[in-house]
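There are two complexes below, and they share chain A, which is joined by chain B in the first and by chain C in the second.
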Partner chain A sequence: MVNYVIKRSVYGLIVLLIMISFVFIVMRLVPGDVVALQLSGAGAVSEEQIAQLRSELGLDKSVWAQFLDWTKNAVTGDLGKSLWSKMPVTTLIAERITVTLQLAFMAITMAILIAIPAGIYSAMKRNTWIDHMIRVIAIGGLSIPNFWFALLLIIFLSLFFGWIPPLGYQSFFSNPIVNLQQMILPALVLALSLSASIVRMTRSSLLEVLHADFIRTIRAKGAKEKLVIMKHALRNSLIPVITLIGLQVGFLLGGTVIIESIFSLPGIGSLIFEGVTKRDYPVVQATVLVYGALFMIVNLIVDIAYGWIDPRMRPD
Partner chain B sequence: MEKSTILSVDGLKTVFQTRHGYVDAINDITFTISQGETVAIVGESGSGKSVTALSIMKLLESSGQIASGQVLFNDMNLAELSDRKIRDIRGKQIAMIFQDPMSCLDPLYTIGDQIMEILKIHEDLTPAEADNRVLELLKLVGIPDGETRRNSYPHELSGGQRQRVMIAIALACRPNLLIADEPTTALDVTVQAQILGLLKQLQADFGTSIILVTHDLGVVAEMADRVIVVYSGTVVEQSGVHELFSKPEHPYTEALIRSIPRADTDRTAPLHIIRGSVPGLHEMPSGCRFHPRCDYATEICTQQEPPLFHLESDRSSRCWMKDGSLAKEFQHRLNTDNLDSRHPAPPNDAYTASKKEILLEVHNMQKHFPILKGILSRKVGAVKAVDGVSFEIFKGETLGLVGESGCGKSTTGRLILRLLDITDGEVKYGGINLAEFKGRQLKEQRKKMQIVFQDPYSSLNPRMTIGDIISEPLEIHRIASGSEKIRRAGELLEMVGLSSKDVYKFPHQFSGGQRQRIGIARALATEPELLVCDEAVSALDVSVQAQILNLLKKLQGELALSYLFISHDLNVVKYIADRICVMYLGKIVETADSETLFTNPTHPYTRALLSSVPVPDPTIKKERIILEGDVPNPAKPPSGCAFHTRCEHAKEICKSKIPEFKQMSLGHKVACHLIN
Partner chain C sequence: MNPAPQINPGLPNTSIKQLSTKRIRLRKSLDETKRFIKTQKIGVISLSIIMLFILLAAFAPLIAPYDPIEQDRSAFMLAPTAAHIMGTDDLGRDIFSRIIFGARVSLLVGIATVAISMICGTILGVISGYFGKVIDMAIQRVMDAIMAIPPLILALFIAALLGPAIKNVIIALTIVNIPHFARITRGEMLRIKEMNYVEASRSAGSGALRIIAKHGIPNMMAPIIVIASLTFGQSIIAEASLSFLGIGTPPPNPSWGLMLSGASSYMENAPWMVLFPGLVLSIAVLAFNLLGDALRDFLDPKLN
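Right after this comes the complex of A and B.
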């Protein structure tokens, strides 16, 4: 097991290296230049000024040399400074990542708590009106854009209950009550759209397993339906469900920009967005690196979960 | 001695809801079973035998339900019992074991846990008591080293061991009645013999009654006291096992018994067949359900369904012939009955007349599949699927290749056709090394060698018409195209006993036996010289199997074909093959012509294999050599003679030295140290 994790981590580092070199080069290839952007407000600019700024920002060296410098520093934990605010990138990310992680964690937990029981119930009551209802709602959840639903929810709550989430982000550790009030709505909105696909996956996977031969063996033992479903069928149907959840966590880490901006949460999504538009190379590189690492970790957890569920998938 | 009846099924009818409305899966099933008795329910696929078993336990899929009739167990009608009450009976008083032990155990829990589960459901035991019971049960079903084995997962066990676990689960609460649904069908014969022996012994120890659901008449003769023969969802005959085999009353039973090839079946005569195939649930014939396939059928059979006539010595038969007043109707048919003249097939002249010219010669052929491991896919070992095999096939001859699953017989077939590349050794076709063929030459060569597969369902593309399927080889080899192609496809269909009008139909419109005929027609399209039949009749019902075997013999006579006939069924191979090779763990252990092999089997493995086959005759109680354990892992074959781990005669030399292939008499070779 330990060997397996080590092996996977080594693979992960290789993938990260490939990924980051790709981002490094592509960022410098796209049209638009951070130097030009920073000097654009200054009116007439001389060649010397441009060259000076370029060398201040360390952009006068070759791409290859820049990459080596950056990698050397990154290994020691220094991911560089923002080309605009001059703040260490690590500090910027640290401020933001907690918001995104908390949001992702709350959303996925709520999604699982809603979707898995609904999926089981839907499968057990197959082809009854309640099954049809759950499926219709799930289809709705898949097709309604979550930002639209988020806006609707804010309007509804303020109109009928006169309640709006408190403004000015507070971290969970400084003020848990305000923090939860701010986070609950975006998390719920995300959870609802995530749970739609999890419900469908749970239902179909469970139905497939319920037709397996071993389920008949368990019924022939005289087992109650609860034992059949909760102990045997559910566990056997979890593999595709977990795969899906793993993918969704990845999506949550990067794809929450719109929800973050609707609820004015300072998450990492908006950081990378600004970074790209302002050509703030160190910020983009570092956030991509963090994303990549998080993705690897989530995947590793999913793979370990496979083995935990299914003895046949345990690494030797 | 009259024993008390423990279960009586009366007029049971089960229906399934389908898109075309309700269909009867079984109709009017009636039988009883007494304490300690074994009743076999025998029938072909679709006869409703499994549905009967599941109906008793109320374990039907949600689309099925019991429409009428009763199932009396200890004066309770199980058919009307609530879900809660039937659960107390399931596993505790009536237990069930299923066909495929691969898929019948939950892959995610250890076997100990799955045995423990049933004890927890029905009995109030302390954890320590339950632990002891699990170990006791594992010991009882012959799984050694229970203390560690209980922590194994199903995928870590062999098929035979899994079936033992299933039996342990079934017997955990000492049920009065055990329903065994095809318990040994998925197992090799040597393992089947172990499991049947185990069931018999446990029955003797505990006095359990067994309902044995099976299609295998050999197993019936071996195990049953009484037999219920079902056809198309009804009981057609009910009888004691001895009477059934000595004097079957129903024409279906009679035909069924006659259509199985046995060790003493005359190889030169065609097999008795039952024409047509088992009707589907939607196309049930009027009157007697068997009449379209019955040799004796008359007017009344086509119109009215016969009742179950009760005969002497507690037998019954659902046939109008048993109605005394109709005896005259059938008289002339019985007199003129001469099955042999009606289904003629010529003996294999091609082989006997030929001067024994060698068509294919295999010398020391090997196929090792590498086992790869780690990041760089290093080779850490090899599965020696075929490990030095030599034989030859003569023109017009059928060479049988028998062995248990995993012995390398299918790989051998594929290597000969160059569907796989050989690791070492050589295959010479008409004197030329097959490995030298490349590109166009190889394509040209492929015309001469074709294959018929086991599963007639998955080996035909469901989206293609029969005409396209059969004529595809014609197009690939540019033999014919356009209307000529379709005409040729029609011809081929006629040749295998189908109609040339079938070219525009799709595979799903045919039964299993008909599909296998289509598979044969496709193989014959390029006019090959050699046909590899890889378990070509194994997936078919007995009555249809005989049709296909006769067809293969007929075609061989007409087209001078050579066959490599690969099968696990010794009696089938005995019937069709001129010579037989017996394989064990990638090696041939004995080769002989089929008469010699059966009358004078020499290698201990061949002897055990032959003795394991159940004989469809209850009067024969043959001495059985039970092989211990399972076939070893081909990645780590035992040293020396690969069979020594299971051989009762094994000596020191067998463990260290690989035995040579010794000539016993002309054409009879054996690889064993014990033979001088």
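Right after this comes the complex of A and C.
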């Protein structure tokens, strides 16, 4: 098991390295650079000033040399400083990652709590009107863009209940009630599309297992239907569902960018967005790295969860 | 009137044979279409909705009652009336007309993204699956790297770097979607490569290109078509998301995402500005998702 985790982590690091070199190089090759942006407000600028700022920001070296420097520092945990605010990037990310993590965690929890029971129910009541309704809602949930749903929710709540979520962000530990008021809507919006795909997968996977021979044997022995599903079928149908949740975390993290911007939440979604438009290279590199690492860790957890659900899948 | 062409009784044997195989093929695809219409009612409905969108986009100037870009200062944020069935926006532009022209942007992005990523992804996947070894390793690691970043984040990164333009949205979304096609076609190629008929073809002297073109790609069309339909819907949402964030379609072009972005400042005063573009966007995506589901049921019930 430990060997397996190490192997996967090494492999993940290689993938992250390819990804970060792509981001690093592309950002510096594409027209529009940070020096021009920073000096754009200053009126007439001499060549000297440009050269000076360039060396101040460490951009006078070759891209290759910059990349080597950055990698060397990154290994020791130093991800550089923002080219604009001069704050260490790690501090910037640490300030904001709790928002995104809380949002993602709440969304996943809500999605699982809604979707798995709905999927089981849908499979048990196969081809009844309630099954059809759940399936229609699920495919609708997949098709409705989450930012539109967010806007509709805000309009609906303010027109009919006169309630608007408090703007901005307060940490859960300083003011849990305001925090939850601020986070519940964005999390719900993200949970919607997430649960749509989980419902579909739970239903189809459970139905497939219910056709298996061992289920027929258990039924033949006279087990109650509830016991058949809860104890035997569900456990065997969860593998594809968990795989899907792991993959969907990528969509979820992408979705946080747009949802954070609608609800003005200061998460890493808004950080990368500002970073790219201002060409703040170290900020973008670090945020992409964080996103990649999060995604990788989630999928590693998913792989470990396989073995926990189904002992046959434990790696030797 | 021209006399009807006579079938020449002295036609050489081979061309009669060719004609009949062609006819059989045509007959077969007609039968398949009939079977689709018969078994996949929802698929047919969603296909008609998609056709409707294509017609709207193609004949936008004829259908739209107003100019989508021209501002009318006497008609700010009007609620839906007979003159403006979906109301007007904050600059006095007719929302219905903007939605019709917006279909052009969405479909253009969808078609271009799906076509380019399908071709590139399939080529990469087939090469990866057929040749294996180092080539496979290299291609798969690059695909893994692309997939290691959440798709919208990567699209946002590329689109924001390149600047707001429809062309750049297409580039960004294409890069994001290539791995989906590459992964599925690689798996299919690995499977097909081991088939007896490929072995037979190889021993008869077929080269890699011939095997891929003659046996590989025709036998993996089912999953490719399903993924293409689902990718289409996702690309439309992604275009709208990028435009919503201000890094997609540049204003004043009518794009559904851009319209929603403008509307978000006037949500309480003019809810129709939010309602209609989002509704049309959702219907379009729903149609592609349902079509994808129907195609999956129809072409390969095992795929899921």
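Keep in mind that, in the parts below, the second predicted complex is superposed on the first by the 316 of 316 C-alpha atoms of A that agree within 3 Å, B and C clash if a C-alpha of one lies under 4 Å from a C-alpha of the other, contacts with A are read in each partner's own complex, and residues count from 1 in each chain.
Everything below uses one rule, namely that a residue touches a chain if its C-beta (ideal position, glycine included) is under 8 Å from a C-beta of that chain, and two chains touch if they have at least 3 such contacts.
What you see is a predicted model, and the numbers here were worked out from it, not measured in a lab.
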State whether chain B and chain C clash or fit side by side on chain A once the two structures are superposed.
-> fit
Is A:Arg235 contacted by the first partner chain B, the second partner chain C, both or neither?
-> first
Comparison of chain B and chain C by chain A residues contacted | C
In the superposed arrangement, does A:Ile272 touch chain B (first), chain C (second), both or neither?
-> second
Go through the superposed model and pick first if A:Ile137 touches only chain B, second if only chain C, both, or neither.
-> neither
Determine, under the contact definition given at the top, whether A:Arg312 touches first (chain B), second (chain C), both, or neither.
-> first
Angle, in degrees and to the nearest 10, that opens at chain A between the C-alpha centres of chain B and chain C = 70
Quick one: classify A:Gly222 as touching chain B (first), chain C (second), both or neither.
-> first
Between chain B and chain C, what is the shortest CA distance in the superposition, whole Å?
-> 5
Return the residues of chain A at which the contacts from chain B and from chain C coincide.
-> none
Chain C-facing residues of chain A, complex | 12, 14-16, 18-19, 22-23, 26-27, 30, 32, 139-140, 142-145, 147-148, 151-152, 154-155, 158-159, 204, 250-255, 257-258, 261-262, 272-273, 276-277, 284, 288, 291-292, 295-296
Of chain B, residues touching chain A in the complex = 57, 59, 61-62, 87-92, 95-96, 98, 100, 103-109, 117-118, 121-122, 153, 155, 166, 169, 375
If you look only at chain C, which of its residues touch chain A in the complex?
-> 141-142, 144-153, 155-158, 160-163, 233, 237, 240-241, 244-245, 247, 260, 263-264, 267-268, 271, 274-275, 278, 281-282, 285-286, 289-290, 293, 304
Please name which positions on chain A make contact with chain B in the complex.
-> 7, 126, 211-214, 216-224, 227, 232, 235-236, 309-312
